[in-house]
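In the two assemblies presented below, chain A is common to both, partnered first by chain B and then by chain C.
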Partner chain A sequence: MSATTYRTCPRSGLQFEASAEKLMIINAVTAVVALLVGGILAIGVVLTRWPAVHWLDADTFYMVLTAHGIDMLIFWIIFFEVAVLYFCSSTLLRCRLATPKLAWAAYVLMLVGAVMNNVAVFQGGSSVMMTSYVPMMASSWFYLGLILFAVGALIACFIFFGTLVIAKRDKTYQGSVPLVTFGAITAAIIAVFTITSGAIILIPTWLMSLGVVQSVDALVYRTIWWAFGHSSQQINVAAHISIWYAVAAIAFGAKPMSERVSRMAFLLYILFLQLASAHHLLADPGVSTAWKVVNTSYFMYFAVLASMIHGLTIPGAIEVAQRAKGYNNGLFEWLRKAPWGNPVFSGMFIALIGFGFLGGISGVMMGTEQLNMIIHNTIYVPGHFHATVVVGTTLSFMALTYFLIPVLFRREMIAPTLAKWQPYLFGFSMYFFCLVMMGAGTLGVSRRHWDMAFSGAAMAYEWPGAAYLMMGLVGMSGVAAIAGGAIYIYVTVGSLLWGKKLDQGAVSEKFTPIPPTAPTVVAQSYGSAGFTAPGTFALAMVFLVAFVLYYFVNWKYLSTLWGLA
Partner chain B sequence: MSAPHTPQEDDPDEPIPFMQQLLDNPFLLLFLGVMVPMVVYTLWGVIDILSVPLAR
Partner chain C sequence: MSAIHPPSERVWWKHPLDRVEGTWILISFIWCLVMFGMMVGWHIWGKQNLSTETYKTTPEKFSAKTQAMVDKYTVRTETADKIPVVAPPAGSDVYLIARLWSFWPILELEKGKTYRLHLTSMDYNHGFSLQPANINVQVVPGYEHVLKITPNQAGTYSVVCNEFCGINHHAMVSRIYVK
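Let's look at the complex of A and B:
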């Protein structure tokens, strides 16, 4: 075994192995660069879809939208997730990373793939959207870039699994892995299915772009591509829920309400979450009704149940921990006295509420075959997935970054006041952005379209004024959210560049020289807290009522669209 | 209400329940997590599409 060192962070009690730490830093920094590029592109998207501004010409808009989608949904998220996987294995299990040289090779493959894909898009011949449906062809470099990236990410997943083997072999933990690591295992498993699906369909499409393969069936492409395209967002769900458990453990010392229940919820994700991909094909004629119903209803509801369990047990765990500290007055003193000025907590909690109420409820509505017809391919769909991926995942990753700046990057955070407000600006403007997008989508406004007015078209459509109003509000709230994202980039990159260097802590060549230490001891161990959380159960009832009402309203709306004789 | 529970309180001679064995085996979980959607979503979906009669 090659010599390595272990650094014990004096601020968190976490132990970082040297090679794992470097890999976490490089993957996280690259992720933030992808976020920066995607964020700049977002300006072009929102200022073009804002009808009164309508900034970019059509060709540039479609190019910018393609790059924005891939940079945000694939590169930003998966680079960060690789850092999270290494953190949840090597750091939380206090062992060395498996095959660090191979991990560097995986990183280089991912970086080369990401750059290659971006260059292909910006050359202008690959404005095929993130979905890149055949037979519309992009440059072969577009597909090759995605394939290289996917291979690198797949290698990173197996390095994560290899690190689990090392930790078990070296007995760096007792019993079961910590729940946060179990959540990361869930994310990695979904990632393996996702990336394999991507390879299955993108390799023949790449060969088609080279002229080696004559054709790829459009329906088969759509079916398998969505096993990649949607499941990649399910990796995010598992990853950001793991982060929520980690933040609850770190900020409050909160143990899960029940380890067994939370692990069973993750198991439901492993088995059923990927099947939600089918809701993209609810309007497709080639797949059977039985396939649609089984995938998007019976089985996907197990995954929805799992999300609701996490949505209950994470705030519940925080409530139990707060009540143990004496915050017992009324239903919500525990919540009022939470550290709302700490962006690690506020970011996580705003993400949790937005993900559940906006992303979760709208996702279940969209996954219902009949209701899907109301909003299929409208801007409601990006409204939904900005609530899950941006409010849920991106804001959670931002919150974790604020924890990692002093712990992993060993820098004092610059502009703490800006950082304190950033989750509120970014989170609440995204809440509003998603709501008005979903409102416009309910009125039928198309997703992805350069000009909702269809100016000059032979068959123009007269939108109600509310549609234009809501698209204007999409533009305004989008600009506010971009400002929130810019503050995050400024604080994180600025802290790395100009933040005061912090003590790195003791460095040892010994294997696992310390036991888990406060304040992260709960994140590194096993144990349940119990179910005494009346405030959380009250919040869960509010969620349930909102869920039922929204579901009912959409069925009512559907019933008004086609009169029955 | 269930009491807080840690593995240290368990009897070391007690057999490990099946579900815990499953949850503690990441490679078995990996197999299930890939196979279930591969069969229920991908394979079934592709068979559905390939079963559509060709237009004449």
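Let's look at the complex of A and C:
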């Protein structure tokens, strides 16, 4: 197994093991291809939901929407996450990847599954949306594709764990794993749980599509499906928060304000993120109130607490690092003097703010048992999750890619000016897109709905003019966001194809262990308390005020509705 | 050293925490408790809580009950399909069928009166989206969900299906009248 080599990147000092590096590249590239496909499909989705354009016919629209959801949420994100897992283990711990052959097998399984699923969808007859609620059935290849993909992803998680073991055994580092790796471990643990739930429900459904199983109960399906569907979103949260910590470290040399706080927050994720599948069942029959309340709130909002902590400690760490460099004037000089022209940083920061303000606040609101009734299955829901998985996860992955182009792919980035603007275009148009979707959802507009004019219906409902306006704005901002996504793909793929090749750095047969660092002074003064990040604290208070106001406005609205008991 | 390096102190759980962090954790924690309290409290003091009364049912059983109500309380029919408009007495059990791609029948209710609304689907999942009030409930086949509803404003409401249910999903829309 010692046939491998280790390369030390001259630009970042990171050490890449040869087999891990290839696997990271192939998984990341495949992810970008999925994003490209999903992005092209987004054109169809958004131009159909824009009422003045109403482009595709109903059949095609539902097919395209099914594929858009799956290619984006599952294939783009998970392929990229596999690359991130390998990076956080093999690269950050400077060790070889466990069982690279098996890792290739995992990749092939995922690829075959992804292609199989897409082919099934585009043949028509499987336009069941990514949730594929029974008894509406897709072709058996649709489910089999997802199952193969899930098995591949599960294997990748175990390779990640195996790599951690190798690092420990070969003593490539001392003490605890880095915080970013710790976050990746969180993501992988959650992944193992959720992918297993996915398999539990998809396998009988697949058998049902083959006629082997008679029927799968509709409510049981929804319950188990969401144990997979919701919790798997927490993989993304853990992954992109790890990336935020990594970017803070890379761009500023920032060290976590307190390892204890940040790691505890990740632990809270592991403990409570398995819950929250109830988010999607709050408007369902047959589920008990007590279960809904405890589950939807992650047992008293402990996972929300964890996210609020990360939301403070990451900018806080940046602030501390910047202040140490002398940007000490006022509350916000540290932020003004941040490298806003560097897409690695700007992408990460726009993701963080958008994820918190738009995705976080709306998510907690709609995850409240009673409040859920005023948005369930409206277009508010995609408004919320485009703020989480697009602004949060996708934009963070984009930011990380800009770092990886010279470091992992060893190419000089083409079109740096375009890249510099890309996070702003993509991020801000997505902010707006999410806001207007939520606006339309607040007015009741349905999600997954081909025609808000209800053509052909005898008792059509006339949406208020504002709803049409909002959906028009959804269309426009969606197109702008797609343009932003296209620039990302152009810069990434273009750099890989035509970017100047960069020096790969010294190659060695053996890994160089991570040198231990001397303990810092603060650590000796356990319990010391300063107030080191006042600017971040001020931002956090703004966030809290927005959160509280929005939360209670919705209760106020709810209180005016029909009595329900 | 930084977040991508192993922490320099071996026992990370003994790291000091800054006052910024401590304060924020405390504030966040209190806010989390408030939100949790709201959900629980609304069950006690609030007037909009989704009922969990649910029975297993079959299309035959549910259609029979709905048909009985229609036979008894139909006041007129509407649209080319002659969908019955049913005005059941206040306090009674009212039934609404969701199926591909319509709701049946049309209900006519009285403002300020309470009804037990039974919902189910005959086939796929559907949505009960009451507009413009914007109350949304999932309708799941095989399950009869009983909601106690008290309309608080007169007017013509629409019921939009907002769970994707196939090619004519967009035409699945009906009404509820409140007098």
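Quick note on the criterion: the second predicted complex is superposed on the first by the 540 of 565 C-alpha atoms of A that agree within 3 Å, B and C clash if a C-alpha of one lies under 4 Å from a C-alpha of the other, contacts with A are read in each partner's own complex, and residues count from 1 in each chain.
Convention: contacts are C-beta pairs under 8 Å (C-beta built on N, C-alpha and C of every residue); 3 or more make two chains touch, one makes a residue touch a chain.
This structure is a prediction, so every number in the text was calculated from the model and none was measured.
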Contacts of A:L271 with chain B and chain C, given as first, second, both or neither: first
Which superposed partner A:Y327 touches (first chain B, second chain C, both, neither): neither
Partner chain(s) touched by A:I375 [first = chain B, second = chain C, both, neither]: second
Of chain C and chain B, partner touching more chain A residues: C
Which of chain B and chain C A:Y143 touches, first, second, both or neither: neither
Touched partner set for A:Y107, first chain B, second chain C, both or neither: neither
Overlap of chain C and chain B interfaces on chain A (superposed complexes): 174-177, 217, 219, 255, 258-259, 263-264, 281, 286-288, 526-532
For the chain B and chain A complex, residues of the former touching the latter: 1-7, 19-20, 22-24, 26-27, 29-30, 32-34, 36-38, 40-42, 44-46, 48-50, 52
Chain B-facing residues of chain A, complex: 161, 164, 174-177, 182, 185-186, 188-190, 192-193, 196-197, 217, 219-220, 223-224, 227, 231, 255, 258-259, 263-264, 267, 270-272, 274-275, 277-278, 281, 286-288, 291, 294-295, 299, 526-532
Touching residues (chain side chain C, partner chain A) in the complex: 1-10, 12-25, 27-29, 31-33, 35-36, 38-40, 42-43, 46-52, 54, 78-81, 114, 119, 123-125, 127, 129-138, 140-145, 147-152, 158, 160-175
Contact set on chain A toward chain C in their complex: 58-59, 62, 92, 129, 133, 135-136, 173-180, 217-219, 222, 245-246, 248-250, 253-264, 281-289, 293, 296-297, 300-302, 304-305, 308-309, 312-313, 316-317, 364, 368-370, 373-378, 442-444, 446-452, 454-461, 463-464, 514, 516-520, 522-523, 525-534, 536-537, 540, 544, 547-548, 551, 555, 558-565
